[in-house]
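In structure tokens below, several structures.
Two complexes come next, and they have one chain in common, chain A, joined by chain B in the first and chain C in the second.
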Partner chain A sequence: MSASSASEAAPDCRIQTIEELHEYLYKGLQLEHATLPPYLTALYSLHPGKNADAWHVIRVVAVEEMLHLTLVANVLNAVGGTPDLTRPGFVPTYPTRLPCGPDYFEVHLRPFSREALDTFLKIEKPAEAAGEADRFVPMDWAALGLTSDGAAPPPQELAELEASGAILGLVPGEPTQRFASIGEFYEEIIRGINHLEDQARKAGKTIFTGDPARQVTPEYFYSGGGDVIKVTGRDTAVAALTLVAEQGEGLYGGIYDSQDELAHYYRFEQLELGRYYQKGDDPGAPSGPELSVDWDAAYPVKPDIKLADLTRDPEVLAAAREFNESYATFLTGINLAYNGQPDLLLKAVWEMFRMRDRMNLLIRNPLTGHPGANAGPTFEI
Partner chain B sequence: MTSYDVTDPMIFPAGAATQTSAAEAAQGEWDAVVVGGGMAGSIVAEQLGNAGYRVLILEAGPGKDLDLAEYESYLSRFYGAAVKDNQSPYPFNPNARMPRSTDTMPVRPDTPRDDFYLVQEDGYCTDTTFTRVLGGTSMHWEGKALRMLPEDFDLRTKYGQGLNWPLSYDDLEPYYRQAEAELGVSADVEEQAYLGMHFPEGYVFPMRRMPPSYLDRTVARGVDGMRVTLADDDYTLRVRTFPQARNGVPNPAYDGGKGFVPVGAVSTSQVEEGERCQGNTNCVPICPVQAKYHAGKTLTKALRRGNVKIVTQAVASKVEIDERDGRVTGITVKNYRSLDSDSYETYTVKGTVYVLCAHAIENARLMLASDMQRMSRSKLIGCNLMDHAYLLSWGLLPKPAGTMRGTSCTSGITDLRGGRFRGTQAGFGVDIHNDGWGWATGSPYTDLVELVDQQGLRGTELRRTLGNRISRQLLLAFMIDLLPERSNKVTVDDRYRDALGNLKPVVSLKIPPYTMRGAAFARKLAADIFDRLGAEDKTVYHRDRPSAVEHDGHWYNIVGGNHLAGTHIMGSDPATSVVDHTQHSWDHDNLYLVGPGSLPSIGTSNISLTMAALAFRSAGHIARHLRAAKAPVTVRG
Partner chain C sequence: MTQETTAGTELRDFVKFSAAVTGFSEFDLWGTGQAEAYHRTAVDQVGQESLRAALASDPSAAPADPVVASIIKLWYVGVWYGPEQVGRTDVAAWTAPGRSGAKPAVAEGGRAAEDPSAPPFVVSPDAYTEGLLWRAIGAHPSGAKAPGYGSWATPPAVEDHQETEVR
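Up next, the complex of A and B:
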């Protein structure tokens, strides 16, 4: 991602109105959240007391995704928007699809495994440096199996697809194109903010009209790593979005971000390479302490499990429904926190423990009629 | 050797715990040899290391790096233990034993009991403990971080009891602040300015106070405004939160507006955990996420510098003394191979100064085993052993009050810590326990056994009854002052030795009437509080236990506080004290005894914060001592 500065002209800025900026930021919330169910499913599939290294690596990344969600909400609040984590389709139906350069890849709900780690690496993979021309990629709807002729689906169907989060990284309102990477998506938002703020200033105004009391500040959010940024203007908005982008993939090709946190991609890569990174290391060559992964020490959660898979186990089905309800309640609580009651985030801490317990309940149960597979959370909200 | 991340205070330098062998350490001379890798030892080593000195830490506990895998092995051992005492997270180590509360009974030579590490031969036995692993007793402490009251420093002058300190509250105040930064203390100044405790203008604690639990607020409804009369003075009680060395919400006003960054879990890789307390209720013995301070956080900083080294599995066994001038010439250590074997090798390490930071009992034990009492002018090594005397009272509240939620203890009653009544009876603090009756009765396990075996409950009814009962449990723990008494002491006895042939500590501790008068008053106060809360008093004391103490025709059980202190007290006269106000030995010029053993009284505050403050203060004096000792000799021409 190449960071824009305010002085730069915004030639091809896709975001021309504040409403469009709000919609982009909503998509950002949806995108940041979409990684949580896969990370949490893998995390809680680990056998207790085993795989401590993998446990902590995934845990930190999941916690930092919550930080990203909060940072995007802060930006949206700062520009007068209203975060809404309760919109139908906010939680995607899995598998969902994320862009990675020329390809899309599927993100499944899966137990901890080599395949799951491979997906996580793709989610956080540093983007290839993109020129102006290849920041966008034409949408190949046929390759996704969604239309037969490769053209965009009819408007009604497209609106549903967009809302459902089944395909992430689309250019909002332009069904023929998508972003080459998540980094480019945030780059576009930063350009939009700069453009709109420049325009507003010419008229003696600002787009940062949000109530500062709606900001989530560090006292309400502490993460495994990285600090929440209070967004009050252009600089803090750009800083927040830059942190979101770089915490996944590292800063300027380095393995650490600007807050000295090891980027997610390299955290995951440690599990693949069997060794921790430390300061001064180059990508791909960690030199810290060794770590070990036991690939078999995980419960075999049925991939992309749905409530429909649980009909022969009524008690498990009831527990799965209960989990989905409590997850919806949890999102409602977080949403209230992002809408002027930041202290509700403190309460969310014990709700997360409860969520963990409910997930464990499901994940430890073998399924009837699916030999060798265990139940798991379905995240059908 | 790998290069260490010098910017992240939570990265433990990989290999640091094992890279220096005892054999290497025994070659050449260190600037300072520190015995003990606990809170005091870590602070002294870190401070001297920071001043540029070469420091060797000798640690008796097992020798592994402080990483998350090691820490979590402690956690899983604790989770799996049937008896969850203070030492339950740690492996049994025959070569550096520790006392266990389960071993509390009189020892008779040549009986199975003579295997206990802490030898007690009296009828009254304390179940007090200290921990011998890397990090010391900070690996099981609760994390309360109270300052001592200004009046605690001159108890003798003020109330004719105990001993005066050679220091005042004001002398120690700046070091209290330094300790509060190092330990990461959460508290609000407004709430802590009582009974004369004062803070510099504008001071705030690093982090805001831990929120009071629902149980605290329930108790406050009965207690706040309650009046008691003691020695003709009236006191009004209130529930107040305790300062805690665990991570809370950082105070943005700290350090003139610079704020505070909490130090979370330490490990050899970036783990990002423990920056905030999550309200797990097993603070004692071990915080699952390292939100509670332990000495490893200081040790991590110390070892990163490169000029501070550590040798583990090295039990300091003898302090070598030059009989002519009384100077220490070395520390002889037994470096054992593993926890499974008693084979060891012996080395003597040498330094310009020696700092014993092995905690009150081990410091005294080591010196007595080294025949240093003979050279002591005061003959007080091992004497004046102190620990808080705990009296427990427990009741059942009329309605569920959220017991088992939150940090082990968030609030209490502190109004009777000080006052003129201390002329006749001991002051005390009161802890409201968020973890139920566990300490007193073994709840919740004992509740479960009773409900199943005696009441025959099963399934939903069992769950409901258990939940209802536990969430109504209120335990008040009265932490009562115990004054220094010469006869309360640690000694050694040739009949009792450990696996490495080191002499074990023999402890004799009796609870004096002054303390028991406080206990009797505490018992009545507990009954009054239960009455005001509509709680059913369930307290029962057993006269057949080693903790039984009789006072005025009534029996009480006085249990240990794990706040061991006073075996080498500080004073201003070598005839009546073992160290001076800098914790410098009166009798050995290059020896410092740093730790709670130097405290001439313990008042009603948990000892760690005061011990840490003293360690910071002494580190400055030791650095000055080293500067003078290492100054080039002036040759007259």
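Up next, the complex of A and C:
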């Protein structure tokens, strides 16, 4: 993804008002978060003590998705918006759908497997260089099985689908179209910021009116892998959004991002190719140490598991409900952190450890009536 | 694991009985991720027949069948203490009435039968961190499974096991 420069004209910029920019950034929060349940389900499905390589790769990516969530929240706060991780539908019902060029693909909650890895590669896939005309794709509702004649669903249903996160990458406000890729979605946000900021400056104003105290700064973000960027103006906003895009797919076609982190797509590709990347490698040709993946050393979590699948196992059902409640509480806490109390993120760290433990308990329990399938967190919030 | 298979049924029976004798729920025991490893260890060490006999015993019996005592210790500390390491009196009590405990309470086929002096061993690296002991005392295993950066600034999260009826 290339960031637009401030001087570039944006005649067809979709974002024309600050409210539209806020809505785009909310969608960005929803999108970044939506990758976490699939990554965490796969991560904790790994048998204890096995698959150390896969464990580290997925864990690093998941932690960086949490960074992305925080970066998008910083941008939203900087432009005077209000992050809301508690809005109904913020957590999608899985499977959700993400755009990848001409096609949509489904993102399931699945145990670690070749299928799961294939999905992860699609989530992080570097965007094809799209011409201006190819940045948007008309929604094919029939292909998604949502309408029989291909026409858009009636307005109310459409609004519900859009809010539910069941289809990510739709053009906010114009859901008959969607972005060709997530990279294009962020490109549009950067264009919108540039356009609105140019307009504001002409009137002697700025769109960066947010209270700097609402920024999550590095002392509140406990993590390796990428630094939090405090967003106070156009440059830092573009830097934050560019980092979100390039940590996934690499910078300028390379395998590393600007902070010298191997991009997510290539991290996952290592598991597929059985070898680590090292500095100087070209995409697709890692030359580092070999790694091994034991595809069978994972608990067989029932894909896209729902509470309704657990009725024959009351203890599991109770624990799954409890997990969903604690996850909702956790999101409320993160939301407070993004709304002026960044120190709450430190407390959230050990809440994440507790959720890890709860997820592990669920995932290691076999299900009654579903031979060969285990329980897992349902993320029905 | 396919639950229709005999192996799957035996594993489930093992966990069900273990829940009764450890005081933790079946959910918690499966949740350790150690059920298969512990079941395999018990079979390897005492043999299928002795294990079946132990699982058929009354879970509330005191003193417990020595194999049962080994199973309880296994879940709590992740270490296999062979039943022959229980006092000879207990072994005698467990063997058929009238027998004076002249032979170890281990069936044919078990490894312990070959080497009754086998020392206790930790089943796997994860058996240590997954021991029920830690949850029972409201702690976490030292050096492993830490509760997270900064957790020391808040009161410990002690589980309330009073509400769980010990069967």
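Throughout what follows, the second predicted complex is superposed on the first by the 380 of 381 C-alpha atoms of A that agree within 3 Å, B and C clash if a C-alpha of one lies under 4 Å from a C-alpha of the other, contacts with A are read in each partner's own complex, and residues count from 1 in each chain.
Going forward, a contact is a pair of C-beta atoms (placed from the backbone, for glycine too) under 8 Å apart; a residue touches a chain by one contact, two chains touch by 3 or more.
If you're wondering where the values come from, they're calculated on a predicted model, not measured in any experiment.
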**OP:** Pick one for A:Ala319: touches chain B only (first), chain C only (second), both, or neither.
**Re:** second
**OP:** Look at A:Arg364 in the shared chain and tell me whether it touches chain B only, chain C only, both, or neither; answer first, second, both or neither.
**Re:** second
Subject >> Which superposed partner A:Gly49 touches (first chain B, second chain C, both, neither) >> reply: both
**OP:** Have a look at where A:Asp260 lands relative to chain B and chain C in the superposition and call it first, second, both or neither.
**Re:** first
Original post:
In the superposed arrangement, does A:Tyr222 touch chain B (first), chain C (second), both or neither?
Top reply: both
Original post:
Regarding the shared-chain residue A:Arg354, is it in contact with chain B (first), chain C (second), both, or neither?
Top reply: second
Original post:
Which chain A residues lie in the overlap of the chain B contact set and the chain C contact set?
Top reply: 49, 222, 349-350, 353
Subject >> chain A to chain C touching residues, read off their complex >> reply: 47-49, 222, 299, 313, 315-316, 319, 346-347, 349-354, 357, 360-362, 364-366, 368, 371-372
Original post:
Of all residues in chain B, which touch chain A in the complex?
Top reply: 2-8, 11, 14, 65, 67-69, 72, 76, 208, 249-250, 252, 262, 268-273, 275-276, 278-279
Subject >> chain A contact footprint on chain C (complex, rising order) >> reply: 1-4, 12, 25-28, 30-33, 35, 124-126, 130, 145-151, 154, 157
Subject >> Parts of chain A lying in touch with chain B, wherever the complex brings them together >> reply: 49, 52-53, 56, 59-60, 63, 218-219, 222-225, 260-262, 270, 276-280, 287-289, 291, 349-350, 353
